[in-house]
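Two complexes follow with chain A in common, the first pairing it with chain B and the second with chain C.
Showing the complex of A and B:
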């Protein structure tokens, strides 16, 4: 990762210097080593603060909505999975491609701080990352870890190392590769439950929601200028809850709103401070869409129709609900 | 502040028997802004309508709720009545307390409770109604008929005779359809070709009719009065303008192993072929799967022998885009597949055939030149067993639950023709019931039994087995209450008929609804039998349900008269219940544009002022003349910027809230 970071710093510096770009969107150190923040760099000197490590999970695509409205061109670093969301934003005309310069950066999979904590790793000062081998320098001494044990949920079912869109690449020739898991395994498990069990599962998960809106803010698809939940005409804006279930509806409605558009970037679950597995709702939609309309990956390309906004004469009939044993 | 009147209809005893109309009228009085409520025996009668008009004047009503039958029955009636009294017609709401309430409840208490809830929902919606005003749209004075069988031909002729242009799109290389395959027609036994071919010629010669054969509808957009249709004219590989129809190419073609579709696969045809002698247009088509030139690049004999230089191997499909005011679906039928009926040995024994195959065998232009011969050994059969209701009125999965309607009559015809030509051949007919409700139909059937000595056996055939060159038919005779075994030489299966498989995709394309059997549904089963529920789409012939030739021709004429009624108008009143975009909320994401089936939404860059911020944004714009108010955009829009006039999200939520109160 360090090799890639050095490439990023030097190319960004060159591009700023020669005037190809006016700004650079990357990550800078946060309060702790494990929380690098998205940041805009405007000068070559400031690029010394550009960081890229196993904790640079935050997707930068969505920041381009506002960033590309400004005069001039912005350089953005996108990991392979981030390019899907970037494509989706292009498809919905949210991002100005002409004002963007995309450097696709290689990725060894991002780390889950919660998993590190569970392993008893605390007080991280820095990491030495070398493929699967990882040494955490902490306040309490060095710890040797296997990267595959501490990957983020979304990285366990990585979409692959291919960048779907880029102007140039900053990758290494010999990237670390890891075995990915079936992303629908947990969905299948939930489908196997009785309706009552499933309801209880989701009530248990969603009842923890504090409505901080982090999922909505991080989601590259939730990019409405004004969310329906904030729309005074919807009649639900700033409304107090009638019962404890109403809060749950927020996530169910949000899942419907992003259905057919969700790129499965996993940011919703990653940013949730309550660790609600929100991505499972979206993956259920993706699994069904794949079954009914053929394999579809939102953001794989910019053009072309998406299954839920297209009619085809062979489309699945509503009776499929009964065929699948629903009521 | 609204002033709402509520009118509850008894519909004779239709509603009043299961709904306490007095109680409903009393209950709605306390609803917000309701100033008047009453009940009446027949709201749709002149007396009921005048009660509405008087109440509007007397109480200064700003909107009315009529609790009565489905809005599909009388919404227009009550809107007109309200308009006469000076109300905007869109300030009328219907609460359906008949189809959705009184007819489905037995307990009066339940019916009454539900009627009150439905009335409350309608009041809640009406409280959020605003007057709406309809625009106008022009009518394109041309009709499209899909399907070139007798139904399509007759509709086209009738519409064209009224002076309007008609295009027929037929997927096979010729018009004529299934009727062209028939030998004789019941109950008069006149020759099908003799009565059909003059109509085919009339259609092709008519200056107002344009034929697109070997063509299919590719896609459609637009709405009543203004459809835009893309027609794929498939490449014949023969230039129709140059071809003289001499037939030398067909004769000289060395590839003669393709099955003749027209003769039901009973004989072969060449790779370049004209389906039958009277085909229209009389232009051959090259079957690319069978043609040696297309398969191997060698041959080219047809090109060499064609003196008109009409053969064109490089010809490509052509897409023709045309506009139409009305569309007639006349897609016809096909017999169901007999492959799954193992008990009749259809797939195993060549001498077990379908009725349509028998029709070709009887025909002078058929594979046996009209001699009834067994397909297996070309010997004349001595005993023929006809089995009716194969797949019709079925209770098993591979059949159809409905009666195919035509089989009783054509089986009687077949048996009669057989006995007429070969008096020493015995004919047996197995039947469940013989159904002959038509002019001169029962007389026809009795002639078969009484004059021609056809043996009718009430009962079904359980098994057909081949034995020593004969077919052993085992069946039951329900009247004699015994098993019968007949040693037959040929078995003819009266296969059930089903809609042509292309109907389903066309139904989806034109949003013409279908029933569970894929027959197109009518706007009303009794009162609007030739119209689809989708405006501007009409139904002709068997695609709507099983029927014989006289019924088909009658219905084709009826469909034509509806088309003429539409095309004779210069302008249609539009529907004011169209979508609209709230620009400050619009994201410019294009979801609505992609989902709109009518192409009514475009995007423009507009200056938007949002809480003091002025910026140019990409926002959706609805073309109100094109929008049909389907609402797909409103449910697709993630931010709720799209809303449907007359059915706004707030109105619908108000209804839901009122129901859940």
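Showing the complex of A and C:
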């Protein structure tokens, strides 16, 4: 990914210099190797701070809602999966394509710092990504980890290396590759549970929620100007759980609001400080939508109908719930 | 007096402590470790350096009922339904969280005293725990905290096969009395072991990458200079305005009081608030901080300038590093201190 980073720096520099773009949205180096933060670069010199590595997971697409309202053009770097969310925002007319210059960047899979911690890595001084491994140099000695073992959850079932939208690409012809898993496997497992077991599973997971709203705020399709939960007149508090019922309902309502629009980008689960597997709720919706209305991947295209905004006479009736044995 | 207990008796210690009061300690819930109530089958994780949420919850809970009202005809009755009187122990509190209570004390115990907080402080005993293997996100030393020997009513160290118990305050000594059957006196050799361990811990603490953060320039006289710094725009531009940093922070202290219509009465409650949220300090005229830049700035100005200006120079950050580890976009107080620390020439 270092090669790609070098391409990114030099192309961004050129595009700034020739005036094709006025600003560059990328990732800026931090205190540690694993903590780059999204940032806007306005000068060629500042691009020295531009990084792209296994920890550039934070998706930049959503920032374009505000960024493309400004004067001038912004260059944005999108990983393959980020292009789906960008497309979906285009479909909903939330971003201005004219003001955007997209460079699709190749991706070797993003890594999960929490997984490193779970594997006992702490006191990190520096990290080296090389091929199949990541070497952590720590205060307590060096540790080598297989890249496969520390991939982010969403990357385990990567949608593929194709960019769905771009003006140009920054890719290499020998990217790191890995076997992907069926993204619906765990959903299937949950479907196989009894309602009581499933209820207990979700109550257990959601009991950790602290209502920080990171899942909502990071979500590219949670793009309402004012979220219903932020309305002081709604009678519910966005910032606290009155009881466990409310805590659970927040997530279920959010899942309904993003149904048919969720691009399965994985940001919600990635940002959750309590590691709640929110993607499972969304994937259940995606799985059902696929089953009821035919395969659909939000963000694969900008045009065309989407299942929940179109009506066909053959659409399933609500009674499908009973037919499938639910209650 | 240093006491000790063999590590394999730790279950008995928990049992005993829990027999007279509620015992809270770090517990694993599907991989995430948070302080929770001890039960015989709880998965206790004293090895976990940092719980996701801090120990603050037990003194200043995320939500708590204050009072309820019920109306019948023309009468309004007031129902006291606060619940802050349970005696409890929080066990395994790290040095950063232990210090955070001093910071909260200055807010909640000054006039007018917050009686909920005060009661919990009186009813709670803190058993702190020394850190031997800090993480790279830790920078408690920057705030003068010695993680090798944290403050607390009792301080424990786990070294090898032993747990060392050091009762420090009256409360701590009384707690030691209540479990004295399990504790024996540490020997001279033990004291040597402890000394060595403390030295080793301090050596590692001194090597932490964020240990060199400098607070020079964060003082009241620099208030306007910092407030008007052009760097806030850049620092805040990626912030998604979630409440993660404030909710995991042991020193964040803002709250909101609201009435909830239960359908048959009113429940008045208070809950944590976050300066990162759009309805923070919302007034009839709107929000005084309209942009995320202003909200973001508030959080750090409060911790690094306003609070110390009002509290003899004490900062309201303890360097626990939770915001460093948990921010979805990796922006945090360490980066802010780094960027704004050196005086920006005007």
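FYI, the second predicted complex is superposed on the first by the 306 of 327 C-alpha atoms of A that agree within 3 Å, B and C clash if a C-alpha of one lies under 4 Å from a C-alpha of the other, contacts with A are read in each partner's own complex, and residues count from 1 in each chain.
Simple rule for what comes next: a residue touches a chain if its C-beta (ideal position, glycine included) is under 8 Å from a C-beta of that chain, and two chains touch if they have at least 3 such contacts.
This is a predicted model, so every value here is computed, not measured.
Q: Between chain B (first) and chain C (second), which does A:232 come into contact with in this model arrangement: first, second, both, or neither?
A: second
Q: Mind working out whether A:311 is in touch with chain B, chain C, both or neither, as first, second, both or neither?
A: first
Q: Does chain C touch more residues of chain A than chain B does, or is it the other way round?
A: C
Q: A:131 in the overlay: touching chain B, chain C, both, or neither? Say first, second, both or neither.
A: neither
Q: A:93 in the overlay: touching chain B, chain C, both, or neither? Say first, second, both or neither.
A: A:93 contacts chain B only, not chain C.
Q: Touch test for A:118: chain B only (first), chain C only (second), both, or neither?
A: A:118 contacts chain C only, not chain B.
Q: A:223 in the overlay: touching chain B, chain C, both, or neither? Say first, second, both or neither.
A: In the superposition, A:223 contacts chain B only.
Q: So in the superposed three-chain picture, is A:58 touching just chain B, just chain C, both, or none of them (first/second/both/neither)?
A: The answer is second: A:58 touches chain C but not chain B.
Q: Does chain B (first) or chain C (second) touch A:31, or do both, or does neither?
A: Only chain C is touched by A:31; chain B is not.
Q: Can you pull the chain A residues that chain B and chain C both touch?
A: Common to the two interfaces on chain A: residues 226, 235.
Q: If we count contacts the way the header does, which residues on chain A are in touch with chain B in the complex?
A: Residues in contact with chain B: 91-94, 223-228, 231, 233-235, 257-258, 305-306, 308-311, 313-315.
Q: Would you mind writing out the residues of chain A in touch with chain C in their complex?
A: 30-32, 35-40, 58, 63, 113, 117-118, 122-125, 138-140, 204-205, 207-208, 210-214, 216-218, 226, 230, 232, 235, 237-242, 267, 270-271, 273-275
Q: Quick check: in the complex, which residue numbers of chain C touch chain A?
A: Against chain A, the touching part of chain C is residues 29-32, 34, 49, 52-53, 62-63, 133-136, 204, 207-210, 234, 237-238, 240-244, 247-248, 256, 258, 260-261, 269, 271-274, 277-279, 282, 324-326, 328-331, 334-335, 338.
Q: Which part of chain B faces chain A closely enough to touch in the complex?
A: 504-505, 508-509, 582, 584-591, 594-595, 597, 603, 610, 617-618, 636, 638-640, 649-650, 653
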